[in-house]
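Next come two complexes built around subunit A: one with subunit B, the other with subunit C.
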Partner chain A sequence: MRSTQKKVLTKVHVLFLVQSCLIGTGILQLPQKLSSMGYSQAFMPILFSIIATITLWPMILLNSKFPTNNLFQINEILLGKIIGKFFNFLLVLLFTIICIDSISSYMLLIQSTALPEQTITLPVICFLALLVYLVRGGIFAIARFSILTFFITIPMVLFTKWAIQKGEFSHFFPLFNFTFQEFYEATKNGYLSFLGYELILFYYPFIIQQKSAFKYATIGIWISGVLMLITTGVSVMYFSEWQLSNIEFAVLNIFKAGEYSFIERIDIIGMTLWIFLVYSTVALYLWAANEGFKSLILAKSQIHLYILVIAIFIALIIPLSQHLKEKIFTINNYVFYLLLLWPIFLSIIYFFRKKQVQQ
Partner chain B sequence: MKNRLLLIFLLLFVTGCSEQEKKIPIEEVDMIGIMAFDYVDEKTKKLTVAIPQYSPDAKKDTKIFSTETDLVSQGIVKIEASSDRKVVLNQLRVILVSEEFARKGQVRTVIEHIYRNAEVGNKALIAVVKDRAEGILYAEYPDKPNINFYLNDLLLPSLNTAFNPNTNIHDFIYGTTNTTKDASAPYLELLGDRIEIANIALFKDDVMVDTIPPNEAIFIQALQGRKNLAPLVIDIPDDTKVLLNLVKSKSKIESNKDRNYPKLTIHLEIKATLSEYSIEDTEKLNSWKEISDLEKSINQQLEKDIKAFVEKLNKKQVDPIGLSEYFRKYTHGKWTREMTDEILDKLEVDIHVKTIIVSTGTLK
Partner chain C sequence: MIFVKIIIRTSSAKWLKKINTKYSPNAQYTLQLLHLLSDNSNDIIFQKKQTSEGFVTIIYSSSLVEKMTLQAVVLVPLSHSIYQIYQTAEPIHFKQIAALEQKINAGNTILYFHETQQYLALDTYSAPIRAITNTEIESTVIGPQDSFTESLETNISLIRRRIRSHLLKNESMYLSSNKQYQVSIMYIDNIVNKKLLRKLKKRLQHVNPTSLLDTAMLKQLIEDNPFSPFPQYYMSVRPDTIAHYLLDGRIALLINNSQTVIVCPTSFFEMFTSIEDYYNRWTTATLLRSLRFFGFFLTIMITPTYISALTFHPDLLPYELLLNLQESRSKVPFPPLFEVLFIELIIEVLREAGSRMPAKVGQTIGIVGGIVIGTAAVEAGLISNILIVLVATSALLSFLPPTFIMSNTSRLVRYFFIIAAGCFGLFGQMLVFVWLFIHLLRIRSLGEPYMAPFIPRKWTDLLNSVIRFPMAFLKHRMGISKSQKS
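And now, the complex of A and B:
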């Protein structure tokens, strides 16, 4: 199997792994998440891209010290077996919840628009079956899938054309029209859509040209940044402030402005194509969770993936209230911010324990 | 290999476990094409829907149902009870509201409900009806195929030459929720066996406040920067009447950025062909000099007309053009509706029109 071979990812793979994982379901809700800033949200993705580039650097730095280990192994090396394993367990839990979050928000979308009179059990089973297939292909298959995703979904940018024609350019002004409180609120909610690049901590050992990893990951971040900039920019032009804060899936509403004589509802096409983006995100997170799970127990068995998928399935099916789910997802998301600081923390420990570790 | 086969079998069996999800075939679905809302009292409204009938045996091509309800979806459920099929909103094309309904400010709640409904696209058109909205659905149109198509075609932006102030769900929500712009919608009138777009209804927030005639509404579109406009009739004193076919228009609005003494300078450039004119002395238009004289008098007249129009709107404190946006975009901090009203109260406009007649037809 390919996944057991070390070093399979080329530079292009790295670029698209980073790029595709950034755009999941998050971008659909990005304008709403940033809506506390009103019209001034348009340029936030640029700021986010800068933050992402800066926080990527310590990750790569840490990885370059351990070129053959992923973060799970690094945790164990630097923090000791027991504490390391404990944190690995948390990470696995974190990634599983993020998979559940992404799938459930996409299924909610499908439920409320395409299949209003049907339960989502069957779609979820189909989705998970294909997901298992993809993740079993290993990081190499996921990387190739990400490239495919990019080229299949990028034409959707063209669907924004009508909204741009109708929109009002003057909404962009005045620039920087927000208070610090609004800015903080928007950053807190919006940056979550920008996560996904941190998974490079886990697939770094598979990269062939590790020296250029930072460069290509950065390119990936900025491609996504530009796409998100287009999304927020078009939303700001097309919507009023009330609409920005009240419309859940702004992107789909932008697609609704489309006018072809032969297609009435372009948003439906957009929504169905979106599944590629959801797959590329969820597959990568599930793959990482699976790797972590393996590092905890029974390293050689294949059963971990199935356990994870069944857990995800049960979590999706059990009738939890939307409110409780949201609470769990929000807590989970804030923990993610810690993950961004984790490499810095580990780097400090590495600095102190350098000699011990190198022995 | 064995594992995979097992998985496939399992999947097949699991599908058997899922509950019977019977999709209703399309022939057994009634698709609402037009919804009409009439005012009953504060809480209740009368909902009338038109559903196209495709059965060849049916004598009438449209089914019409009426019910009184306080919630839109409840009304649909009631209609479903009297219809022989499942009623869906997927094909909704036109939403009519009566003038009374609009003036009582109830349109927004209805449109918002439909906006939320994912079944409906955002391109369903909205129009206000004089008298009762249901009247339009119940009237007979012997020379028209079907009220569903007729109304939709009437309200759709057909050619660029015909004036059409069409407003769809997105436009309406955008207009009513925007603090620097007000919504407008076509105002229909039933004239015997035909429907006419008689006026344009103006909204302030979500209440209809007034109507304006179509020839004035062209100014709204011109000032909003729309490039293609309907033919413009200009009445110049001393017995000249000119009809201009507009080729292209361009508008540029500059504000003085001062909220205490708001002033806008509007430059409007119109390129047009002179398609018809009635001048006492027809010899007048023989040379380009005379044409440029005519251009000048058109400019003066248009400047006067537009100025009067904008002042009329300002007096009523409605802003369908979005003029206050030119002040919002220079103002830091939150913009409220009160600020828009304040601006409109004091607003002064300075209008410069430049007309260019590019051709006068093939006759000299």
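And now, the complex of A and C:
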């Protein structure tokens, strides 16, 4: 088991790793996932940002106790080799499924709108080949790609201009017009779009200035929070309540409001440009899965990455029913909530086994 | 001794090269060996002269030594003040046949004194060199107009003229085992990053080229990613550009007989900067830089977007514009992908043919080619006239980068985009775009990130990025230099 990692990530890298991973594909469906709250959903990203900041704290606390180890290694240290490896296996599975989920939902979107007359096999192969190329560059390459992704995609915020112009500001009122059940439903479904920051548990050993990791990760969370706030806010202004609950990729439909004399469908550009965000998210999860795989067997081999990518490819092209797929993804997503609590659980174990661990 | 005589009389020069020096038992045999080794070289002159010191054999290459120089440096002192020769010449042992041969081929004159059996070498290199002229490759409107020549000494002097400091160092080293290729590494001692310097020297030590005719060849041997289409070191023929980079803490590489000088490390962004940016006012410089930089992305996107819009996303364009495009393509029987590939390849052929031909013929080819493509091809229904406009714009944009190698790269990368657009439309374009950025993020220049300063080494780099701030703000050296004094 490796105990030391080469520190390559600066605080700026941490900021953008957190920020880019949060945006991903989740934001595209966020207004629909929050639709149970109707127009009151607009301010939910603020709540999510607060929850994320609170849950980030135990993660950093745990990592600070093991500054040279990632969660896979911490699991083995605190839970013992066999139980630790078992949980690591589950984590690898979890991350692989999230990769499949993100890629399949994006590819579905591409096929339905940009490439309606083609099968998706070849584009998926190209997508995965590039993904391998990115992940092989390591966490440093992914971090730098995340920075670039932010600056390439941020101009898309300008596309919301027309939706704001055409939207109704009065939709925001009355404030807090929802029941507890609606709030619970929205939080349960919507917070999934806010996941991604928990991966700091895995790249923490690579951070140079570990003491400022919390600060910069929080800034990353809040940048994403503000972007999601803009998205939900504009969606609330532009769509009716029925539309919010029925339009799957509301954000792309916001782009459709744009009017240029030389471009008709800005949403196609937005959708294809979104690939950068998908890559920055999926690459980070795949990198984490690969690291976990390495902790299970053959630490120095590169074959894990290829095995994982082949597994993802098979899962993407296998003709499973949409219903089954969605069920697997939903279960997987709920397991993610447990991952948020996992650092607290490990911190308790650390408290009891502190002396043993230090020995 | 008899054995050596037999070898000399019977063996070929090629075999003799392999003879160990121990077979030359005295200076006289060395002379005979030298004679034999230069058997087929008519420009290697052996001249025997009677002097006050006895007989002297003068050996030199008539193609590397001018008669005037020979007269002044060798013949006159031989007849009048022979002690002057002893003072300036370098003695060489008779057993060092390879060294003697090398000296002759480097333009030295060898003197063999028969009485004392002594070999002396005198530096008489005086091969004709080109005068310092205006640069044709990197011409600028404002600023100095001189450019490097093929003479290493001249090039070094052009740099030294601009940086008059004892801290400007010029280290020489040989690249091949036969000491044929001399490289000069120039840097400013108190600024340059010593770690980068050591890294470069180490790379140069591992290079053993079979032929090295230009620094462009050397560059490919010492680049970090030789398989990448992107040039990772800057190349320039302008002394002011090289001086600018040296003052920024970079390292310059010069070789003899090459007009271009390598600068390392350099970033992707710097491939779009010109020294003229600093001679212009900051506002104008910023405008021109932006044009060059964004021009690169436009040139790789214009024609692929045409393919994507017509093949996969007709709803991307407004109805009126789409109607125009369709009307323009009404006679064209090919799909947009082949139409674009056809015209792009013709442009490439024209460019290549134009650059290889004599200047006057080249211009004619350009005009004739332009008319043929511009009118005849459209009338023949081979291509649409809207595509002509797009291709012409794209071709012009590709020539914006000041470094010609980057122009070539942009044209190559454009083909990746064209094919991807033909296969998957805008999605394909974005896939290649992602590849482009991942690739640019992964490659390095002398171990330093190629994407600096956009992924900055330090924030002050952004003052001298696409936007060139006024000179008063440019107080810091670029982060990629990792200079000792920033």
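Just so we're on the same page, the second predicted complex is superposed on the first by the 354 of 359 C-alpha atoms of A that agree within 3 Å, B and C clash if a C-alpha of one lies under 4 Å from a C-alpha of the other, contacts with A are read in each partner's own complex, and residues count from 1 in each chain.
Here is the rule we use: contacts are C-beta pairs under 8 Å (C-beta built on N, C-alpha and C of every residue); 3 or more make two chains touch, one makes a residue touch a chain.
Given the structure is predicted, the values throughout are model-derived calculations rather than measurements.
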Based on the shared subunit A superposition, would you classify subunit B and subunit C as clashing or fitting together?
fit
Partner chain(s) touched by A:L273 [first = subunit B, second = subunit C, both, neither]
second
Identify the partner contact of A:E264: answer first if only subunit B is touched, second if only subunit C is, both if each is, neither if none is.
both
Does subunit B (first) or subunit C (second) touch A:A141, or do both, or does neither?
second
Quick check on the superposed pair: does A:W242 touch subunit B, subunit C, both, or neither? Answer first, second, both or neither.
first
Report for A:L122: first if it touches subunit B alone, second if subunit C alone, otherwise both or neither.
both
First (subunit B), second (subunit C), both or neither: which does A:I349 touch?
neither
Once both complexes are placed on the shared chain, angle at subunit A toward subunit B and subunit C, C-alpha, multiple of 10 degrees
100
Quick one: classify A:N177 as touching subunit B (first), subunit C (second), both or neither.
first
After the superposition on A, what does A:E168 contact: first (subunit B), second (subunit C), both or neither?
first
Using only C-alpha atoms, work out how near subunit B sits to subunit C after the chain A superposition, in angstrom.
5
Just to be sure I follow: which residues of subunit A are touched by subunit B in one complex and then by subunit C in the other one?
118, 122, 264-265
Interface with subunit A, subunit C side, in the complex: residues 312-313, 315-319, 321, 423-431, 434-435, 437-439, 441-442, 449, 451, 454-455
Considering only the defined contacts, which subunit B positions touch subunit A in the complex?
7, 11, 14-15, 18-19, 21, 118-119, 121-123, 170, 173-174, 177-179, 181, 322, 325-326, 328-334
Subunit B-touching residues of subunit A, taken from the complex the two chains share
38, 112-113, 116-119, 121-122, 125, 129, 168, 170-171, 173-174, 177, 239-243, 253, 256-257, 259, 264-265, 267
In their shared complex, at which residues does subunit A touch subunit C?
110, 114-115, 118, 122-123, 126-127, 130, 133-134, 137, 141, 144-145, 147-148, 151-152, 260-265, 268-269, 272-273, 275-276, 279
